[in-house]
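Okay, structure first, notes after.
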Amino acid sequence: MEKVAVAAVLLLAAGSLLSAQSSKKGFEWVTRQSDDPLLPGVNSLKVTGGIISAGSSTVYPLSERMVERFKDEGYQGSITVDSIGSGAGLERFCVAGETDVANASRAIKSSEVESARKIGREPLEFRIGTDALAVAVNKSNTFITNANKEELRLIFSTARKWSDVNPAWPKQDILRFIPGTDSGTFDYFVEELFGKKKEPILGAANLQLSEDDNVLVQGVEGSPYAIGFFGYAYFQENKDKLKVLSINGVAPSAETVNKATYPLARPLFLYSSAKIMREKPQVAAFLAFYLTYVNEEIRSVGYFPAEAEALKKAKQNWLDAMKGAY
Amino acid sequence: MQKKLRLGELVIQLTLLLFGVLSILITAGIVLTLGEESLRFFASGEISIWKFLTAAKWQPAIGEYGILPLASATLMTSLIAMLIAAPLGLFVAVYLSQYATPRVRAVLKPILEILAGIPTVVYGYFALTFITPLLRLVFGENVVSIYNTASAGIAIGILILPLIASMSEDALGAVPRSLKEAAFALGATKLETSLSVVVPAGISGVAAAFIVGLSRAIGETMIVALAAGAGSALTANPFRSAETMTGYIVRISGGDLGYDTVDYNSIFAIGIVLFLITLALNIVSRRIVRRFREVYE
Amino acid sequence: MSQAEAKVFQPHIERRQKVGALWKLVFLLATLVGIVALAALLLTVINDSFGLVALQFEVAPASLGRDGRPLERLEPKELREILTARLSSGLIRRLESEQPLAERSRQQLYELVMERVARLQVIESWSLGESLLKRGQIRNWLQQNHPQALLKFRSWVSWRFLVQPQASVPEKAGVLTALLGSLWMILITVAVAFPLGVGAAIYLEEYARENLFTRILQVNIYNLAGVPSIIYGILGLAVFVRLLERLTSGALFRIGDPATANGRTILSAGLTLAALVLPLIIINSQEAIRAVPQSLRYSSYALGGTKWQTIWHHVLPASFDRILTGTILAVSRAIGETAPLVVVGASTFVTQHPTSIFSKFTTLPIQIYQWTARPQAEFRNVAAAAIIVLLVLLLAMNTAAILLRDRISRQRREG
């Protein structure tokens, strides 16, 4: 009897010892103490392996900040982030299978989901924040402070001069700077204003497109008759030279975004897949880190927190994908 | 004595031959890649070659594939560049080969070589941070937009100036002294000798230099990417922005090239036009040298 | 010539000479334009690389003092409290892993608080010209808008700049990752293009007979030398990144992770640029080999040398200095190339230095391109600083080329 008891105790001890160190290979970064009520804690020092992400230029400053923080807190591996536009990023993720995480400033399309499934990936959506799309003009522009959707439609399509939209405005050509066709910002704007039709905006005169929002900012800074639109972060960073318009009388701010009164508030996403997260635990670690701390950094980057429900859903998606993995 | 066939020598010769043939492979690669994708582009039925070359709007996302705006922007930047670099380059060549003392040459030639060695991205930076503000200062901010082809053209001109100057100088320097001395003997001044005797004698080399410079200007990418703007526009105003063929290629590649998307295929179509233009120019320049070169015994 | 005839000719001669002198001035001015342009370029770069910056603390050190004692006089225990209260747990964990906070000296803790909590930031920067000429104006403006800020002179090119990796904030950004990327890539380019180029040149000059095939080969090389660099980028994308993806991504060698291996690696970049400089190296080496006098070859044959022995022991050493110079010039060209690498896929943001030829990469010119494209003034400063680094690198290489060439030709003459 004694022998059995001793054996049982030994077994239990061995068992608890093993389970204490039972973090599976690749998941040594999981800590019980966490800064988040839902997700496990992430010890960046213990994350190993590389992560490749690409996509939206809007999401880029946010991801860049999170990567920097991840590194700052101890991650030693290699992360690359490419700012190439939501469309191109999702292409790399769903068709070429070249990236672990896709950054997008629009929701994934069903055609993209199909392509991903063809290569064995089931896209998983993580809502990480909200952008208040900024329609910006030069700071020295005094004639326009607000636009309603109809005016915006004219400004970005058929109108040639400012006076065509509103006779009180100057008789000068409208100089337009818009994101390129690979950009989620472009897709969102076109959908909001023109339905699915790209012809009106792409047929406009004096049009410059670029997937690089910095080029657009410089363009708008260059003339009092220029107008452009991009993620709010790019406006915030260049507040001294730009002015943002109110849309339908509502100016973009944390409050109007939160209350969903700003008409051009749009979600920001990361996409990955459960398979990738499980095969590459460092991706899971990075995503958990991202979701845990994004609200601490997002305002200073220039965007706005996602609604609490949406963020919670993202965290739940993470947990569901990683169930039993660690 | 018979020529003994050494196996080692043969192997070496064959290996070296293969190295040489590699260059053909590269050309084949370029032609095949560009050609195949372009064929796919034109075969898809969306666009005919005629429309491609003559339509006036470039907006692939909505099915407009006219190369004219891009080509005209390329033409404009190259023309501005040549307007600066051709006369100046020739004058520099005349000065260095006919007037300058060896000491002066020893100072000036390295300076020109330094100019030639500066990477084009630095010229792009220069165009954006110095030339554009200068133009805006001189002509007014309303006339000159922040992205414009004039600024890019000027920067490209400075870039190819040393190229034209050194090639022309080689050509002018190759003119035999006997010709010059004959002109002096007849009482011509240095200027008259240079312009009436030396330059015409070396004209083939000078023309070749101009054409090579033009070809280089047409193929220039980073300067226009940074300074000329990102929207295709058919305009004759150098103070507006207009995207060139090369600028377009680099902008789209900075995004991503998915297989079989409209943007992807359009890059190859433009690429092949660019390749053919520069190829034609280079062939012409060598023809000119061969045909019109004065042979002195 | 009689007196009368001379009088008729005299004004003509004077006019011709005046015109001659005028045009000489024009020619000289043309040369000066080139020099002025170079000076303007260098001055612009220097102007943006040094200047005054306005620095401000994110959290004023004065507010961190306690019980009337300023920050510098606090005890280590209190400094540690500030750190644990202000910094995230992850950061504390990392600092602990490097060296436990309890073991750090007061000076170390103070510096940590200043760096991490107080955080001196650049809020405004000025160019060198403005800093020198408008100092008073700047000071007034600063007094009005940011009374808390400090004004300091800063060189954006610094040791720190050289050894820091990329960052999202310009004042913390550095070029180390880009420099290493450039160096790794250029090693591949040289390793591939130099033997192939010199070999091809040897073939064309020494072995090839005057027939159609040789002429086609030669013309082909001349044409390739004139092809715009972006076409090589397209070629690299189609062949190295896509077609040969298994090779260039490392999948063939099981290096890298199979899930997301792609061909956008240093290897692809190096190979693309090798294709670009190959024609240049061939043409240059051909000229160098052609310049070797025939008498050298004949004397070697006369002594019974085979063709290859002649080439290896006599022709190559005689032409080596010029071959080397030409190669280094071609390499300088490659280091400055940007367009083909954008097409092949240099990354926007890379956190880790290259670890193998299958790593993702960024290079110095690409970094300059990205920084120049950003509108904030501080990015102009770091772009200019990076340009200085690039120009210094090129200058060093070209100087090394000239010195090496002189040394080799001297050795050959003496030896």
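By written order: A, B and C. Residues from 1 in each chain.
Rule of thumb we're sticking to: contacts are C-beta pairs under 8 Å (C-beta built on N, C-alpha and C of every residue); 3 or more make two chains touch, one makes a residue touch a chain.
Because the structure is predicted, anything quoted here is derived from the model rather than measured.
Across the two candidate interfaces, B-C and A-C, the one carrying more C-beta contacts is B-C. For chain B, the chain with the farthest CA centroid is A. The geometric centre of chain A is 41 Å away from that of chain B, both derived from CA atoms.
Once the centre of each chain is set as its mean CA position, chain B and chain C turn out to be 22 Å apart. Inter-chain spacing, taken between the CA centroids of chain A and chain C, is 32 Å. For chain B, the set of residues touching two or more other chains reads 254.
For chain C, the set of residues that touch two or more other chains comprises 373.
Across the assembly, chain A contributes residues 84, 96, 212, 215, 218, 221 that each touch 2 or more other chains. Partner chain B is touched in their complex by these residues of chain A: 54, 84-85, 87-89, 91-92, 95-96, 175, 180-182, 198-199, 202-203, 206-212, 215, 218-219, 221-223. By the touch rule above, chain A contacts chain C in their complex via residues 33, 35, 42-45, 49-50, 52, 60-61, 64-65, 67-69, 71-74, 76-84, 96-100, 212, 214-215, 217-218, 221, 237-238, 241, 276, 279-280, 293, 296. By the touch criterion stated above, chain C contacts chain B in their complex at residues 16-17, 19-20, 23-24, 26-28, 30-31, 33-35, 37-38, 40-41, 44-45, 48, 195-197, 199-200, 202-204, 207-208, 216-217, 220-224, 226-235, 237-239, 275, 278-279, 282, 306-308, 329, 332-333, 335-339, 342-343, 365, 368-369, 372-373, 380, 383-384, 387, 390-391, 394, 398.
Taken in their complex, chain C has these residues touching chain A: 88-91, 93-94, 97, 167-168, 257, 259-262, 264, 347-352, 355, 359-360, 373-376.
Against chain C, the residues of chain B that register as touching in their complex are 6, 8-9, 12-13, 15-17, 19-24, 26-27, 29-30, 33-34, 37, 87-88, 91-92, 94-96, 99, 108, 111-112, 114-115, 117-126, 128-130, 158, 161-162, 165, 189-192, 195, 212, 215-216, 218-222, 225-226, 246, 249-250, 253-254, 257, 267-268, 271, 274-275, 278-279, 281-283, 286.
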